[in-house]
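In the two assemblies presented below, chain A is common to both, partnered first by chain B and then by chain C.
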Partner chain A sequence: MAKKEVWQGNEALSESALRAGCRFFAGYPITPQTEITEYLAKRMPQLEGRVFLQGESELASINMVYGASAIGARAMTATSGQGLALMAEGLSQLSDAGVPAVVVDVMRAGPGNGGTESSQGDYSFVSGSLGHGGFKAFIFGPSTVQETADMVYDAFDIADKYRVVVAILIDGMLGHLIEAVELKPFRDMDSLPFRQWAEKNDPTGPKVHWCMGPNWEQHARDVAAMYESWSELAQVDEFMMDDAEYVVTAWGTCARCCKTAIRALRAEGYKVGMIRPKTIFPFPKQSFAALDEGKVKQIINFENAIPEQFLVDVKAALAEARKDIPIVSYTHGMGTCFTADEIEAKLREVVK
Partner chain B sequence: MEKSVLMGGFGGQGVQTCGKLLIYTTAEQDMIATFYSQYGGAMRGGTSNCTVITSDEEIGAPNKKNVDYVVAFNIPSFKKFEERIVPGGTMIANSTVISEDMATRDDINYVFFPATQIAEDVGNVKTLNVVMLGFFCEYSGMVSTEAAKAVVADKMGKKPALLELNKKAFDIGVAEAKKAKAC
Partner chain C sequence: MEQKIYGLPEGMNDKKTSFCPGCSHMAAYRTIVESLNELNERDNAVIVRPIGCSLNADYSFDIHAIQSMHGRASAVATGVARMHPEKTVLAYQGDGDAHSIGIAECLYAANRGEKMTCIVINNSVYGMTGGQMSGTTLLGQRTTTGIREFDNQGAPIHVAEMIAQLEAPGYVARAALYTPKDIMQAKKFMVKALRCQKELGKYSYIELLSFCPTNWGVKPVDCIKYAQENVLPVYPVGELKTCF
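Take a look at the complex of A and B:
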C-alpha cells in the first residue's frame, strides 16, 4: 500500500476529482467550500487540458458546467447553501437534458445567509428534487476524508453512465477536517467512457436534449425506472449491528461522532449499533427492512438539522418495510453540532 | 487508545500551523489521526483553535469535547478550554501572557513556560508556534519529537533564514519540556 498522505477534506475532494478525469470546473467561493475553488484555481492550470473558471456567480457557474459537459468534458462545480439555491434552476435543466455533472455541497448553517459553521441542513433540498420539476441526483454522503475522496472519484463514472447529476453532500466539519488518505491514481483521459451523445462527438447521434417532445411523459417514466434500478447501488455502513438492540441512525460527520459514543457503550456491554447510509439517494432501505422487530428495542436518530430531514427517510424506509420500532430523535442545528459526549449522554438515557 | 490535544490562541499566533505540523508528523509515523479546526471570520486577532487526535483505530468524533491536553497560546484559550481537560490531563500554558494564579482546577496538571518570551529571544516572535510544538511533542510523547523536527524542516524549508530560527525555536521548546518533566 502506498504511504498515506495528510489531506484536508476539501482539498482531497478536489485532487481526487481531477484524478477521476474532471476536465472543467466553474465555481464561486463561499465558506466553507472556498478551499475547493482555491485548490482547483491553483492546480488545474498545472495539468494539461484542464479548465478552471471562477464564474461571476453560482448561476453562471452551473451554466458553464452545463455547457462544458454538453460538449463532452467531465465537469464539476462546488458550493454551499445559498450558492446551491442559486444553482437550482441550472441543476434542474441539466437533469432534464440528461447532461452529467458532479456537484459538491459543503453544507453551512441555517437557511438564508445563515452562518459559516457546519450543519446537515441541505439534506432535504438536495435529496428531494434537483431544483424544480422532480428529477433527482445520485447522492453520496461521506463521513471521512478517505470516503470523500473515493466517492467523488466514483461520482464521475456514475454521472456518465446514467447521464445524471451526482451530488457529494459534505459539511464544513468534513470539508475542513484533515486526515491521512490514500488517493487513487490519475485516470487516463483517453480511456474515459465515450459520450456518443455529446455535441462534439457524433453529430448524427442522439443529442443532449432528450425531451419536450411527444414522448416527454414516457421519458419521465424511464427516468423513474432508472431511479428504481439504483436501489442495488445503495451503500451503507452497518456498524456493530450483528446483535444490536439499540440502533442509531445517522449520516455524514454526525454518524462518525456517534461511532465514538457507541464504542464507549459497547465497552460496557450495551448492545448498540448503527445504520449509516453512505448514499443518501439511493437510500439503503434494505438495512431497515432487515431489522428484527423482536430484537431491536429502539431506534435513536441523531442529525445536525432542525427540524429533522434525514429522519424522514428513515421513517419512510421503516414504513415501507412495515417495521414498527419506536423512534426517538435528537437534533442540533444552526451551526451547533453534536459532540460524541452529548451523543453518549443521550444514548445512556435511552439504554438505562 | 485515543490521545487528544486542543490548541488555542489568537488568529496570527500560528495555532493552525502548529496543529497541522503535528498531524503531518502523525502521517510520517503511520499513525491514525484527525485535525479539526475552528477559526473566526477575521484572520488576525480572531479566535483560532484546533483539535488533533491520534489513535490506533478508526477515529469517530473529530470534535472531541474533553481532551487530554490543552495548549493555551493566550488568556482567552486558557479560560475557555481549562474545563475541557479530562481529570488527570494537562494544561500547557504560555506563561509570558498567562499568569499561574489563573489556574482553577486541582484535578489536572499545569505546566507553564514562557513561550512568547522564548520566541522573541530566538529572534522572531512568529516562531511561537514552533516553540509550542517542540515543547508539546517532547512533553506529551504523543508523537516522536525527532519526526516532528523533520516535519518542521521539511514544511518550513522555503525560507532558509526562518528555517534556522524555527529549528532553534523547536530545540529550545524541547529543552524546556525536558526541564518541566524533570521537576
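Take a look at the complex of A and C:
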C-alpha cells in the first residue's frame, strides 16, 4: 500500500488525472479552479507526451480539448461556473460527436459574476443537460480529497468506454481543502484503451466526425438507452441507514458536514442516517426506493444552493418510487455554507 | 485520339452537393485537395470544418475531417496539431466564422504559431443563414440585416493584415477564386502555405475571396465583374508575409 501524502484538493485531482493517462489539458484561469491549471502547467512538461495549453478563453479551451481527444488523446479541462457556461456549446458538441473528455467544475457562488466563495449552485446546470440539445454527462460528486482523486482517475475510463463527457463536480471548499490521500499509480500509457474511432486509428471508418451514426434520431435513442443502462453504475454512500428514522439527504462537502452532525446525534441515541449520492448522474434512485415508509419519519435535505437544486432529484427519486415521506429542506447559498454545528442544531429541532 | 486533360483530382468525387450555382466553395476544395496531392499529404491531413456553407460538401472529398462548432475551428485544430504535430492540420473557415464569432480563436492560434494552416473563405456575407451582414461585408453592400454603413458597423475588417503583423505566423496570403488565373494563383499560395506548415513547422493563413451570387444578388455570370470592381479594391490579393 502506498504511503498517504498531504494534498490540496485541486492539486490531488490534477495529479490523479495525469496518473490516469490525461495527455492534454487546456484551461483558463478562474477562481477557485486556478490551482488545477497552475499545477498542470508546471507538472505536464515534466512528463513525456503530455501537452498543457492555456487557452485564450474557456470557449477556446474546450474546443482544444475536442480536437486533442478527437485525434486520440485523453483530454481534460477544468473551470468554474462562468467558464462552464462558456464551454456549454463545446461540451454539447463533444457529447453529440461521441468524443470523450473529463471536465472539472470547481463551483463558486451565485449566478452572474457571483463571488469566489464555495457553493453547490451548478448542480442543476451540470446535471440537467450539458449544453443545448439534451445529452448528458456522467457526473461524480465527491466529498473528500481522496474521493476526488479516485473519481477523476476512474472518470477517464468511463469517458473512454461510453464515449461521453464525464464531469467532476466539486466546490471551492473541496478544491482548497488539504487532506492526507493515497494516490493511485501511473497508468501504463500503452495499456490505455485503443480508440478505434479516433481519426488516426480508423482508416476504414467514416471520415467525418459529426455524430456517432448516419441515423441521427436512432443515435439519440441509443444514447438514451445508454443513460438508462448507467443506473447500475450509480454510486452512493448510505451512512448509518440500517435503522434510520430520520434520513438526511445531501451531497459533496455539505454531506460531509452532515456526517459530523449525524455522529453527534447518534451518540445520544437518535436514529439519524444519510443518503449521499456519490454520482449525481446516474442518480442512485435505488437508495430512495429502498426506504421504508413505516420506519422513516422525516427526510431532511441540506444543500448550499438557493433555491434548492439537489432537492429536485431527491423528490423525483421519491416520487418515482411512490414514497410518501415528509421532507424538510434547509439551504445556504451565495457563498455561505453550512457548518456541522448548524446542521446539528437543525437536526435537533427535527428529531426532538 | 482522345486525351483527358481536365477532371476531378484524386481524393474528390462527383457526389451531389447543395452549393448554389456559381459558388466558389468547390473551387476552394479543389485547390486544397490538389495542393495536398501535390505534396503527397492528403492521407496525412486532418481538416477541421466550421459551421457555414462549407458543410454542404460533406462527403465530396477524401480527407479526415472533424466538425467543429461555429467559430471554433482554429481551437479544435490547435488540439489536433498539439497532439499530432506530424499531421498536416487544416482549419477551413468562413469569414463569419473566423473573422467574427471566432476571431479570438483565429488570432490566438496565429499568435501562438500553431503548426496548422487556416483557410478562410471570404465571401463578405453569412451564406448559410441567408445573406446577413458579416465583418467583411463591403460598405454599401446590401444584406438581409441592412446596408453596411461606416457610422453603424465600421469598415470591413482585415484579418489577414492583422495576422501578417504578428510575429509567429510563417505565411500569410490572400487570393481570389474568381478567374482561372486567380485560381492558379490561389493554388500556388496554398501549396506555399502547406509547405510552410509541413517543412518549417509554422502557422499559415490563407484567405480565399469567393463568390456568393445568391446572397450578393448578382447573377453568377456577372460575379467576376462585380467582385473585381467591388471586392478587390477593398481586399487586395497577394502575399502579406512569406517564409520562402
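Side notes on the structure shown:
Definition applied: the second predicted complex is superposed on the first by the 344 of 352 C-alpha atoms of A that agree within 3 Å, B and C clash if a C-alpha of one lies under 4 Å from a C-alpha of the other, contacts with A are read in each partner's own complex, and residues count from 1 in each chain.
By our rule, a residue touches a chain if its C-beta (ideal position, glycine included) is under 8 Å from a C-beta of that chain, and two chains touch if they have at least 3 such contacts.
Because the structure is predicted, anything quoted here is derived from the model rather than measured.
Partners chain B and chain C fit side by side in the overlay (superposition on chain A). Greater residue coverage of chain A by touch, when chain B is weighed against chain C, goes to C. Look at A:M173: by the touch rule set out above, it reaches chain B but stays clear of chain C. In the superposed pair of complexes, A:N215 makes contact with neither chain B nor chain C. When the two complexes are overlaid on their common chain A, residue A:K4 makes contact with chain B while staying clear of chain C. Of the two partner chains placed around the shared chain by superposition, neither chain B nor chain C is touched by A:S231. Of the two partner chains placed by superposition, only chain C is touched by A:S69; chain B is not. In the superposition on chain A, contact of A:N113 is made with neither chain B nor chain C. Figure legend note: chain B and chain C, brought together by superposition on chain A, show a least Cα distance of 28 Å. Touching chain B in their complex are the following residues of chain A: 3-6, 116, 173, 176-180, 253, 256-261, 263, 337, 339-342.
Put simply, chain A touches chain C in their complex at residues 23-24, 26, 51, 53, 55-57, 59-61, 63-73, 75, 89-90, 93, 97, 199-200, 207-210.
Listing the residues of chain B that touch chain A in their complex gives 20, 23-24, 26-27, 30, 32-37, 41, 58-66. Chain C contributes residues 46, 48-49, 58-59, 62-69, 72, 75-84, 87, 104-105, 108 to its touches with chain A in the complex.
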